[in-house]
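Letters A, B and C name the chains as they come in the text, with residue numbers starting at 1 for each one.
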């Protein structure tokens, strides 16, 4: 494996036929991905029949293109309408939507496209470098994954807002919602009220669309009077030089975070972009601007997202193990085309393998080229008067939520989550901890129970091995930084500016 | 270019079909008159997949459906109804109109776990369905890490006997096929495993490759890639005869353990009140599709053995497996 | 004794609901079994989540009490706690280095008046009814009714305009999803409507 083969692969991809299918895949994926509820996984499986009859390389190039095309489509709605088309776009809504509100939707979309490209590029380069060692990622067993999830919880302090009690409430609510369904360890149905629809738990996508998307529509609708059309203003389309400068390092850091997380088995994709967001917020000198339209808050997560999409293919290519539902569908696409994912791919069909890897770069480039001009088209959506736009958004959310599982029940979940999100916003409870709790809760619980099942109840299983010990060290540091540092800061602050000492900091 | 034309034709065909269903409607009730010319030209038939789009089940459906569609001259739509560990989708099939326009997966043995467990609140049982056949099978195998100290099934099971409850084994889900099959093995051979549940077949395979669990049991398709690459060694296939798919893997019988075959079948069924003529028509069409060379090729590509099992045999097998598995599920329920 | 204004009342309600809901979750959760042969049982995590939720509710209530006590003279706006001016210029370098004031709640919507609540209610009600009636009336009818209701009552469009847009979008979206994406949208289970192809 090496860069020579990658160049060879690039040569294979740069034939008109393969480029055409990559383009077609990007466009189709993007169009389907824009529909709320249609994430990459759904888009690929919907469009698999379209690739029947193509040769294996073209088929998989096209499916891969659909995959990241759909991921990009989700970003568009996240920025413009605050509807995360899938869970991994949540981080993008935080600053992207704020930028759109300030008339900077164009720059937000372009930055997202650029950062995605950087993420994809870093992902592919990392792919070539890391692939031979990818087996090491399997050292992350159940106990290590439990600790990684725990570390994820330390992130919540970054999304806590100014009120820790409210953030705790939000996170605990998320954790609680996550426990609905049949317990994975013992098999008891929890909080299911004998409804089969609840056995597998509440759908993440339905909740995320409700909590972020619907709550926003309700918040806007409540303001009224909607009789007066008030489209959002659309200023310049392209990002400024400062925007680009501010995005450069976040993109790179995001790429690295995403790349690493993608290697882990069962990695929490949705939590990864939030992790990148949290990291940027901590590092940035402008952390005050986060949540109010900071480009760093788009660049980091988007790059992380795309690097993850690429690196999560590594275990599939090298070990034949799909680490996420989305990659599992790609695995299906491989086998259907007579390719066995795994080390044999490089032995038996190296041309195909490298062509596909190279196509990841090309596809991301196509997306970049497409999306800079397309941003103008998407932005036009915001010029639609809100009283019509709102109806259209509601229709699409209704449809999209139904289409996830073909069930009207998910619409009710989306509605419930939307009302919860709306009330939370009224009383200023932050929403991100809820989603983080929801994503990390099951990972935490399952890996905890699995670890103990493996060790037959011996808690020392969490303390064995260098990885576990390192992780525990990092968790302790994160807690120190996340909780203790602000506490010291607030005590110092209290001393310096006693006149308006805030009440809750005294606690 | 070819691609684009194919796309437009499908879109056109689909829109024509939609228009036709719109006019023709489903006004006809379940009387036998409707069955005479089943399916009406351009009718839409729903193939219910009780799992998410892109799941193994779903991909197989999307391979077979086009061939059936061609044979029937009707539009077959693969519809995903996920939820409730497949109960939601199965309920939907069981309660749909018995006019042959809705059929779905009733995979054996996985469907047994859904309705034999009363807490799953399934609104169906065996009598709710009439099978139309099974187009593929998935043999059950036992695999270990390539560096495992257990070189044969006997070594593995002897180790289990020596230290009951110590040897770990991974499953793809709690109360899923793997779990039930392991309990069957435990009961029939007097063994005691430490069963650890994972979230999916892929997670289970990862646990074997990394050596987190000592061995795993499951459908051959989930191990196929790692078996081919040599990362996983298959110790046995739980069949009476060796599988043409993994010809070098010994059967459990040849290792001296008397255990009934555990293969799972990708069976399809319609609601039980569907007219006989309609069932026969669907069966012959499914058979034709399953025996199409191109379809078989794709199924094999997806690491699934194309094996045609006629409807009558599926019914019989369903009944047998139910008798066999019911006590195991009852016992699992008692443990909760 | 000062009467609570609406935002503060809502804060109290949510905090109380969190305590009640959290305790319920913890108690019901504990019933699923806290321990198991190997490690924790099915009830462990629900109990932890419920306890944390109740704890958060209590902390919040304490904050509300504190806020009420300090701001008696000034009108309570409900977000006294949040409305700290960003007074970072005046701080020492050490403070700004250590400070970590994360605000994740940008301009949350203003508090709704009676009409605002009505609009939120109409939208939620329309979605609720639409979801419930979906299996009965089929997608096309339900979507038309839902959009029509929202456009007429919330967006205050003229009736004919609302109806036209609603029918148009329902048919167009059905076309996109059924014909191009090949997914199945629910049809009516009432024979009359089904006969019309809806």
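By definition in this document, a contact is a pair of C-beta atoms (placed from the backbone, for glycine too) under 8 Å apart; a residue touches a chain by one contact, two chains touch by 3 or more.
These numbers come from a predicted model, not from an experiment.
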Checklist outcome for this item: Contact tally winner between B-C and A-B is A-B
Next on the checklist: Measuring between Cα centroids, what's the chain most distant from subunit C?
Outcome noted: B
Checklist entry - Whole-Å distance, subunit A centre to subunit C centre, using C-alpha means? => result 21
Checklist entry - How many angstrom lie between the CA centroids of subunit B and subunit C, rounded to a whole number? => result 39
Item to check | Centre-of-Cα separation between subunit B and subunit A, whole angstrom | outcome: 32
Item to check | Interface hub residues of subunit B, defined as touching at least two other chains | outcome: 79
Next on the checklist: Going by the contact rule already set, what residues in subunit A reach two or more other chains?
Outcome noted: 46, 49, 185-188, 406, 409, 453, 456
Next on the checklist: Can you pull out the residues of subunit C that are in contact with at least two other chains?
Outcome noted: 182-184
Checklist entry - Tell me, which parts of subunit A touch subunit B in their complex? => result 20-21, 24, 41-42, 44-46, 48-50, 52-54, 138-139, 141-142, 182, 184-189, 194-200, 265-266, 315, 319-323, 325, 328-329, 331-332, 335-338, 340-344, 404-407, 409, 446, 450, 453-454, 456
Checklist outcome for this item: As the complex stands, subunit A meets subunit C at residues 32, 46, 49, 94, 98, 157-166, 168-169, 171-173, 175-176, 178-179, 183, 185-188, 190-191, 217-227, 281-282, 287-288, 290-292, 387-388, 390-392, 394-396, 398-399, 402-403, 406, 408-409, 411-412, 415, 418-419, 422-432, 437, 441, 444-445, 448-449, 452-453, 455-457, 459, 482, 485-486, 488-490, 492-493, 496-497, 500, 502-504
Checklist entry - Which bits of subunit B are touching subunit A when the two form their complex? => result 2-4, 6-7, 52-56, 58-59, 62-63, 66, 79-85, 87-88, 91, 119-122, 165-166, 168, 174-175, 194-200, 202-203, 205-207, 209-210, 212-213, 224-226, 228-229, 231, 297-298, 301-303, 332, 336
Checklist entry - Any idea which subunit B residues touch subunit C in the complex? => result 11, 14-15, 18, 21-23, 25-27, 44, 46, 77, 79
Checklist entry - For subunit C, which residues are in contact with subunit A within the complex? => result 7, 10-11, 14, 18, 21-22, 25, 28-29, 32-33, 36-43, 45-46, 48-50, 52-53, 55-57, 59-60, 63, 66-67, 70, 78-82, 84-88, 90-92, 94-95, 98-106, 108-112, 115-117, 119-120, 123-124, 127-128, 130-132, 134-135, 143, 146-147, 150-151, 154-157, 165-166, 169-170, 173, 177, 181-186
